[in-house]
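Consider the two complexes below, in which subunit A is the common component and subunit B and subunit C are the respective partners.
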Partner chain A sequence: MRPFARGENPKRELWLMWFAVLAFYQLYTVVFFVLTRTQPPGSPSYTAAEVPGWFASHHDGLLVGLALIFVLGGLSATSIALITYTIRRMSVSRAFAYSYLILYSVSAVPGFLFICVALTAGAMRPERDPRLQQWLYDLGFLSFSGTMGVFLVGSLVWMAAILLDRNRVFPKWFGYLNLCNAVTEVVVAPAWIFDRGVFAWNGLIAWWINVVVFGIYTGVFINLLRNVIIREDFGTGPLPDLPPRRARRHTAAAEVA
Partner chain B sequence: MTTTQAPPTEAAKARRVPGQPDMWVLVLVESLIFTSYFGVYLFYRAQHEAAFLQEQAHLDLWLGIVDTIVLLTSSWSVARCVQNARAGRYPAAVRDACVTAALGLLFLALKIAEWAGHITAGHTLTSGEFFTHYFFLTVIHAVHLLIGLVVVGIVVRQLADPRRRDQQVVETCATYWHTVDFLWVLIFALLYVAR
Partner chain C sequence: MRPVNGERIILWTLPAAAVLWVAAFFLFPGFLPPMSPRSSADEVASFYRENTARVRYSMIVFNWFCVALIPILMLVVERMRGMAHRTPVLRYCMIGCAGAAPIAFLTASVFWLLAAFRPERAPELTQLYNDLAWITLTCGVPFLVAQSLFLAVAIHLDRQETPVFRTWIAHFNVAVAVALVPAGFAGLAHNGVFAWDGFLSFWVRNSAIALWIIVMSVVLARALPRDGAAAEATA
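The block that comes next holds the complex of A and B.
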């Protein structure tokens, strides 16, 4: 462990990033599931005559919720940065960390910014030609659900790094959970073909089962990132084990102080 | 009362799971995910039983049986690979791993021939609800099998090089292969057998 300069507290900085990750996922859930009600997604089978009605019933939520994303969506960078930091703490080549960083930085655009721009444009002028409104609706949801392939490769990069790592940064079972998550990303691919049924973008298999797996995966990795911060010794070898819960409480209090 | 710890008994050794215990998380999660896919299939099958049965009649049960025999044989050869590696018979273990990979490739070739036959006959991913589920389940299983071929490649690499040999890695890889086989048996029972 290297000596730190006076006033320097790298662990506190890591905690700052971790709480930003927590804030981002809470914001994400509230905006997409509660405010805009864009998750679960609207039906892909809506005709041009039905889509303006969907925009009208979601108008205020879309404008307020997606404005919040435009202001605070950049918080997603903290999650990518913290994961990249943990991959760099592993014994594997830094190429894994850079691949992950680049992949997820790029995927933020189709992953959630495209849907925000397309649906805000739709909500902005409800009197627009219904066929154009339908185009924006399809663009928004297809970009959100149909581009999961970008995340698939990111998950595989993280999995490979965890399974090859000798510094025990993440448990091996989480490497295998990454594979499970990656395979469910493949399942969204038929959303480009079907506009109704279980494989459509709001379908039982393409959305509901996937979102359960992704929710569990996200909860698990946020918790494991927390454990990595607790265990971080700022050295180069294997990370120490997680201290017992009581000792952790004392250490956390000392760190915050 | 004594505090001396007894050495692990044979029973305790027997209770140890093969390979990395972590791999069993994948087995459990994949089993749960596939169970949910099967649940969705059965739900829609119950809703449109006549249409499903009509489309299901186009599947060749015997081809499904051959697929199953090929994969079960591959599971047997990967189990022999683990046994031979445990006994230090590495050339035989490498041969068994190669047989496993060859049987996996044969299964894939049979599947591709079967898909081509259905598509030529007009039964595609979008032609009917049964075939949508059929193509989805068999393709997602084939994706798992392709990953399995990479996994068997790791076993061959481990066993062929004396500096790399690690029994736990061999057993972990074999566990994955058995999971792929186990999932196929369920898919076979649901798609080909249950009428």
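The block that comes next holds the complex of A and C.
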């Protein structure tokens, strides 16, 4: 490691990443749930005649919201980078870290670029033949919900790393939460087959349960990443425990004094 | 004899790739002037019927070489190793962006090639491919924006006596990121500077990318020998 200028927080890069992760997931939630209202998704059972109506009622929100993702979506790299870093901090091979890095970098494209392109193309030309609008609608929602493998394998790689790790970077129960996230990618598969019911892309299982699991998973890992940064000692052995809350406040007060 | 680490070879692939990019740009009949998002389906279809061959040649070239920038970006990543950072996270960000960004170019070229594959199909279908190609290319800037910003942050945090890249390069990268932002909004306009054929979304965006490639290659070329010497010293 390079010599470090005095007085600078050695964790500044990690904190920068963490706040960018926080900002990215908030942006993501606002864009998909509030601005574009593509979450919860439109119905897969709409006929071609109904799809233009969906585009019409979502027109402005779609174009503005998806444009924000086009501009800021690259921030997603911060969460990938930070998680890759935490896997490298584990006692496991770097192969796990690099696998995670590549899997999730690949996932960005089907994970959000395709829905952005397809629904922008639909919203841009409301006068297009309804059957083609439906084609874009399907492409948008199915690429978004139905891009499964990268997240499935990515979660399993992270899970395996956590369960094998002896440096206690993440609690073991979080390893199993990764399994829950991986399972959501399995149960979403029937969305490719059914256009109504619990397994459809807007159904109870393929959407509602999955989005709750993903929400919990994301909230949990953002918090755990924060703890890892606090605990990081830049060593190679087990990560120290989180200092008790009171002690942390005490040290902070002492530093100020 | 000094072993060849190959970085100079990678660097010299850049002018070659740049020539091919420029060639593809001028060969593609829809860039000068850029095709309008206001064209009707029939106009778009007749464009592909009349220019089938040139669309194919240019986009085959672009498809071959749109990913040629990845090794150059890895040279940037290698230079970042020399920065006074405590962690590799910013390098990981750059690697992530380098992997994701060219897919937008790649996908766009595929849509253009598809549009030209069966120019006699129903005009609405050709227009659909054309829309997808233009939106993917124009709006597909998220990783280019992020990449410039990550590099700027990395340079900013590189506080040592002889930093790897000088401060103005950080400012330059922020400026490039800002210049790319309007293109993300191209879906909102059929007319004016934000439309995909407009001043900001087409000319400013593409000039910014071209300028980034030129400036960063010069900067990289200057950064290489010093590092080569450092590698020798540690060997």
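One rule holds for everything that comes next: the second predicted complex is superposed on the first by the 240 of 257 C-alpha atoms of A that agree within 3 Å, B and C clash if a C-alpha of one lies under 4 Å from a C-alpha of the other, contacts with A are read in each partner's own complex, and residues count from 1 in each chain.
In this text, a residue touches a chain if its C-beta (ideal position, glycine included) is under 8 Å from a C-beta of that chain, and two chains touch if they have at least 3 such contacts.
Please read these numbers as outputs of a predicted model, since none were measured by experiment.
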Figure out whether A:P190 sits in contact with subunit B (first) or subunit C (second), or with both, or with neither. first
Between subunit B and subunit C, point out the one touching more subunit A residues. C
Once the shared chain is lined up, is A:F19 touching subunit B (first), subunit C (second), both, or neither of them? neither
Is A:V106 touching the first partner subunit B, the second partner subunit C, both, or neither of them? second
Applying the document's definition of touch, where does A:V64 land relative to subunit B and subunit C: first, second, both, or neither? second
Hey, which residues of subunit B end up touching subunit A in the complex? 20-23, 25-26, 29-30, 33, 36-37, 40, 44, 125-126, 129, 132, 136, 140, 143-144, 147
Subunit A residues touching subunit C in their complex are 1-5, 8, 10-14, 16-17, 63-64, 66-75, 77-78, 80-82, 84-85, 88, 101-102, 104-106, 108-109, 113, 116-118, 120-121, 123-125, 128-129, 132, 135-136, 234
Complex contact set, residues of subunit A against subunit B: 171-173, 175-177, 179-180, 183-184, 186-187, 190, 193-194, 197-199, 204-205, 209, 213
Quick one: which bits of subunit C touch subunit A in the complex? Just the residue numbers, please. 37, 83-90, 92-93, 95-97, 99-100, 103-104, 107, 124-125, 127-128, 131-132, 135-136, 139-147, 149-150, 153, 157, 159-160, 181, 183-188, 190
